[in-house]
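Have a look at these structures, which come just after this line.
Note that chain A is present in both complexes that follow, paired respectively with chain B and with chain C.
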Partner chain A sequence: MGVEAREARQPWILLSPALVAITFLLFVPLAFIVVYSFWLRTATGADVAGFHLDNWTEALTDRFYRDILLYTLKIAAITTVVCAVAGYPAAYFIARSNRNKGFLLLLLMLPFWVSYIIRTMSWINILGVSGAVNSFLIWAGIINEPLQMLYNEATVILGLVHFLMPFMILNVFVSVDGIDQNLESAANSLGATKLQTFFSVTLPLSLPGLAAGGLLCFVLAAGTYITPLVLGGPRDAMFANLVFEAIITQLNWPLGSALSLMLLAVLGALVLVYNHFLGMAQLMKGMG
Partner chain B sequence: MSTVKLTDIEKRFGDYVAVHRMSLEMPEGGFVTLLGPSGCGKTTTLRMIAGLLDPSAGEIEIGGKRVNDVPIHKRNLGLVFQNYALFPHKTVADNIAFGLKYRGVGKSDIDRKVKDALDLVQLPHVAGRYPRELSGGQQQRIALARAIVIEPDVLLLDEPLSALDANLREDMRVELKRIQERIGVTTVFVTHDQSEALAMSDQIVVMSAGRVEQMGAPEEVYNTPASEFVARFLGASNIVDARCTQRDATSMVLETPDLGRIVIPSDRGPKVSATGPVKLVLRAEKIALSASQPVHGEVAHSATVDTVDYQGQAARYFIRLGGLQLQAINMIDTHPHAAGREVTASFRPADCTVLPA
Partner chain C sequence: MNRGMGWTLIRLWTMLVYIFMFLPVAVVVLLSFNASEFGAFPMSGLSLRWFVELAGNDAILRAFRTSIILGALTALISTTIGVLASLALIRYKVPGQNLISTILIAPILVPEVVLAVALLLFLNALSINKSFALLLAGHVIFTLPFVILVVQARLVSIRRDVEEAAMSLGANPVQTFFSITLPLLLPAVLAGGLFAFTISFDDITGTLFWKPGGVETVPTQIFAMLRNSISPEINALGTVMIALTVGLPLLGLAIARRMSANSGG
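Now for the complex of A and B:
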């Protein structure tokens, strides 16, 4: 075999374990789901194989699903904006602290050592009827009856922000950290104040990181079902909860498959738009 | 245009003293170079003048006004960095216009000034391009244009040529000096490159370990180094241990085991005040090697060529003279002296410098 042929083969050899894993753990199951979505669930509970559009008709025309999809996107959008506004200053601070950068990044990673579910449930101990906040307020004599703070839209957003903030901070950090500080010095020397420098130099140059963090936050928030399950009320169900409900509770795999593909399509479209404008490389930087 | 005056400025980072009580006066329109190896405090000094660092002590005056408490964006300085620091998301024209916008200059004036600045750096056609589309040399010209278009009181250059290729660096050096002379702006230039410093400066400040080793005109610093550090840092020098046995107003007598007795004019060793051990500094290019007899009045000894470092128009020889290993740099006519050859090494006593040991 020639040298060129060997060199051409090498990347594929190196990629093969990953390709095998992705094929069997992602694409094959996904293909099953696509097939399932065209099956039919009968009244007796048995699935009928075949090519039926009933699930898709229901998923795409029922206002109930549409409303929950829009609600899901709204919650994801609010979460993303909160993460961006609150996470940016933190990311900037870490990127510009020359001495403690490593330590601060470690602190940022620390929450990942605890299960996401545990972290979500910890809010019950803080905001619950007999949680820390209520106990303190009653002890201090400010209130007599415990406040009902949990199980609403706000706590769902709180839980999501808590979960997703590190992703935003990491992405913005990578961007800001990559900005040559001489650019800021140059802008200062040319007459721009610190604030003007931020808006004319630092922020525009960190937009790719902000966009990457935003995409991650949005996609992860829109796909979540644990947070609304643990911290939301009955009316705070998000789209993934519907999928969970259909598949796990009602055992209606065909409908659940159609619904999950719907969410996948919406979020996939978003990723494609992002990729068109910014490219995937930026996203990889922030996750690495 | 303004003078820059530093009075006893000092910069400490924790226990580390980056700049020790430094005082310096830079004349209006002058080109002053802070020269030294990395870590000598030259960039720290520049950053204090710029307002990017606050001095731990001392006063900084620009144009006769104390600026210690004036923030950088109000100091009206032009700053050029080694890595150009052009705004990558702005076109060349927008880069140059950046400072003008914060000075409330009108749109038509901005356009005219940007055009003039581009003409000055001889890049009139790149206004609409982005920095990444330009070569390193072009980017540095744009960075210079951006710094001078605001008509700064002082131009601060932080190793602006160091990132360029050797050939381009020499062209840019001439170009930079031409522009500086044309606009007449007071300029502080930081470099570790002695040839840049010698070629461009009105005044060189040689720094080492946070202290000023010597200040003076390039020829003065080069020909009369005030310390062993300066002698070694600028050019190639031979430093020979010697003993001053006699000294009066006009001359001093040095004794060395290998070079014998040398009578040197006293002004070549202004810091030597008494007899005793001294150091004799011999510039490599002041030692002439020849196959024939030396000229009368020169110190001459026979020596052996050890190694030849052939450089085309010149050669650097490593010679053995008695127990001494010396360097000599000589222009070459056609062929350099071959290694192993016996030659006569000669120098004029007036070309030596004598430093206290």
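Now for the complex of A and C:
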């Protein structure tokens, strides 16, 4: 065998463990649950192989599932918008600050290292019946009985925003940081006010980062089931909670497969639209 | 430099956003040192009693052992596979590079719940039930993309010509790899491994699907304890976890800096 042929084979040898792992632990299992979603669950617990549309009919026509899917998308959308509106100025500040950029970025990375479950439950210390806010209000004499602030839709959104804010800021930062500041100076010297410059130069040029952050926030928010369990009430179940219920609690695996695939289809469609317009490279920039 | 009112407002807003991100976590740490019986406000004094209690709680110690073993094995496997794949992508011209990159990061693009369901059901069909092996397989597959992203970012900065110089001075490829490439690669390997460890150590979404009954990792243990109510013990456990998952990467960062400073000078 020639040297060239060996050179050409080497990368494939290096890549093969990763490709084999992803094929057999991701792609084949995904194909498997597509098949599984057409099987039937029987009362005895054994699943019957075959081609039945029952699970799909139930998942797609039952109002219950549709309502929760819409509710999930609503929660994810609100979370994304709040992250974008609140996170953008912070990302802009970090990108444009001269002295503290490195320090602020390092701080921004820290929440990524603090466990999701801890960040979520930390709000119980703040908003719970004996949490910081209630204790302060009682101490200040403003209220006598603790307020019930937790376990509703708003606290689910709060928890999600808290969890996802660093993703948004980091992605917008990468974008704003990459803008040639001469463009802004040029706009200014041509007579544009600071606000005009921002809306006609800076904001449009940072849209790719905003979109990447938005996609991450939306997809991660829409796929969560821990936050509603910890910070939500009984009526705040999101779509992933249904999947968890079907798979773990009811052991109805065929239906659980169909529900998982529904979630994948909706969120996958978003990723594809994003990929079509902006490509995956932008998303990688924010993560690397 | 005077940048005007707008800048002052943005600065103030940024401070508020940072307070929002950090205050709740700071409160967890603060309350874990609370001396009072109920572990909530008002604090009655500082004490280490909840940490002492943690150290005597068998369930929590078991959860820690599981998490650490799982995280270490995940890091080992994920980093080995990930470094090889990154080397291939950075060092060679591979046909279909974009497609391969997309395939390699696919586990991040699929929602974790869906990944968890697919892996659980598929491996179950192969008679691999909920077990440590399933947990490990799951953790490897979803840490792999992160390892590849981090290692690739570091690899780009290693210059190829040092290796070529070694080769032209008579070293064979294996010698070159162990005496030149690997030492230069080490910060990337460590960074990737630490990253995989912390992601695995923190994971709860997939873990709740994959873990066998009776086995808990630290996050699922916290989650189970939350069912009752928030206790000072949970805050103490959270503090230990924060110390581990924040302290380790910072340590890694410092080591990587020192190593690259040494190899640079």
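Keep this in mind: the second predicted complex is superposed on the first by the 272 of 288 C-alpha atoms of A that agree within 3 Å, B and C clash if a C-alpha of one lies under 4 Å from a C-alpha of the other, contacts with A are read in each partner's own complex, and residues count from 1 in each chain.
In the analysis below, a residue touches a chain if its C-beta (ideal position, glycine included) is under 8 Å from a C-beta of that chain, and two chains touch if they have at least 3 such contacts.
Remember, it's a predicted structure, so these values are computed and weren't measured experimentally.
On the superposed chain A, the positions of chain B and chain C stay apart, so the two partners fit side by side. In the superposition on chain A, contact is made by A:180 with chain B only, not with chain C.
Applying the stated contact rule after C-alpha superposition, one finds that A:199 touches neither chain B nor chain C.
In the overlay built on the shared chain, the residue A:103 is in contact with neither chain B nor chain C. Figure note: vertex chain A, arms to chain B and chain C, all at CA centres after fitting on chain A; angle 80 degrees, rounded to a multiple of 10.
Considering which of chain B and chain C touches more of chain A, the answer is C.
In the superposition on chain A, A:64 makes contact with neither chain B nor chain C. With both structures placed on the common chain, the touch criterion links A:25 to chain C but leaves chain B unconnected.
Of the two partner chains, chain C is the only one touched by A:117; chain B is not.
When the two complexes are laid on top of each other via chain A, the two nearest Cα atoms from chain B and chain C are 7 angstrom apart.
Chain A makes touch with chain C in their complex at residues 7, 10-12, 14-15, 17-19, 21-22, 25-30, 32-33, 36, 86-87, 89-90, 92-94, 104, 107, 110-111, 113-119, 121-126, 128, 130-132, 135-136, 139, 162, 165-166, 169, 194-195, 219, 222-226, 229-230, 240, 243-244, 247-248, 253, 256-257, 260-261, 263-264, 267-268, 271, 280, 284, 287-288. Interface residues of chain B, counted against chain A in their complex, comprise 50-52, 71-79, 81, 83, 85, 87-89, 98-99, 102-103, 143, 146-147, 150, 156. Touching chain B in their complex are the following residues of chain A: 180, 182-183, 185-193, 196, 200-201, 204-205.
Of all the residues in chain C, the ones that touch chain A in their complex are 4, 6, 10-11, 13-14, 17-18, 20-25, 27-28, 31, 38, 40-42, 80-82, 84-85, 87-89, 91-92, 94, 100-107, 109-115, 117-123, 125, 137-138, 140-141, 144, 146, 148-150, 152-153, 198, 201-202, 204-205, 208-209, 218-219, 222-223, 226, 230, 234-235, 238, 241-242, 245-246, 249.
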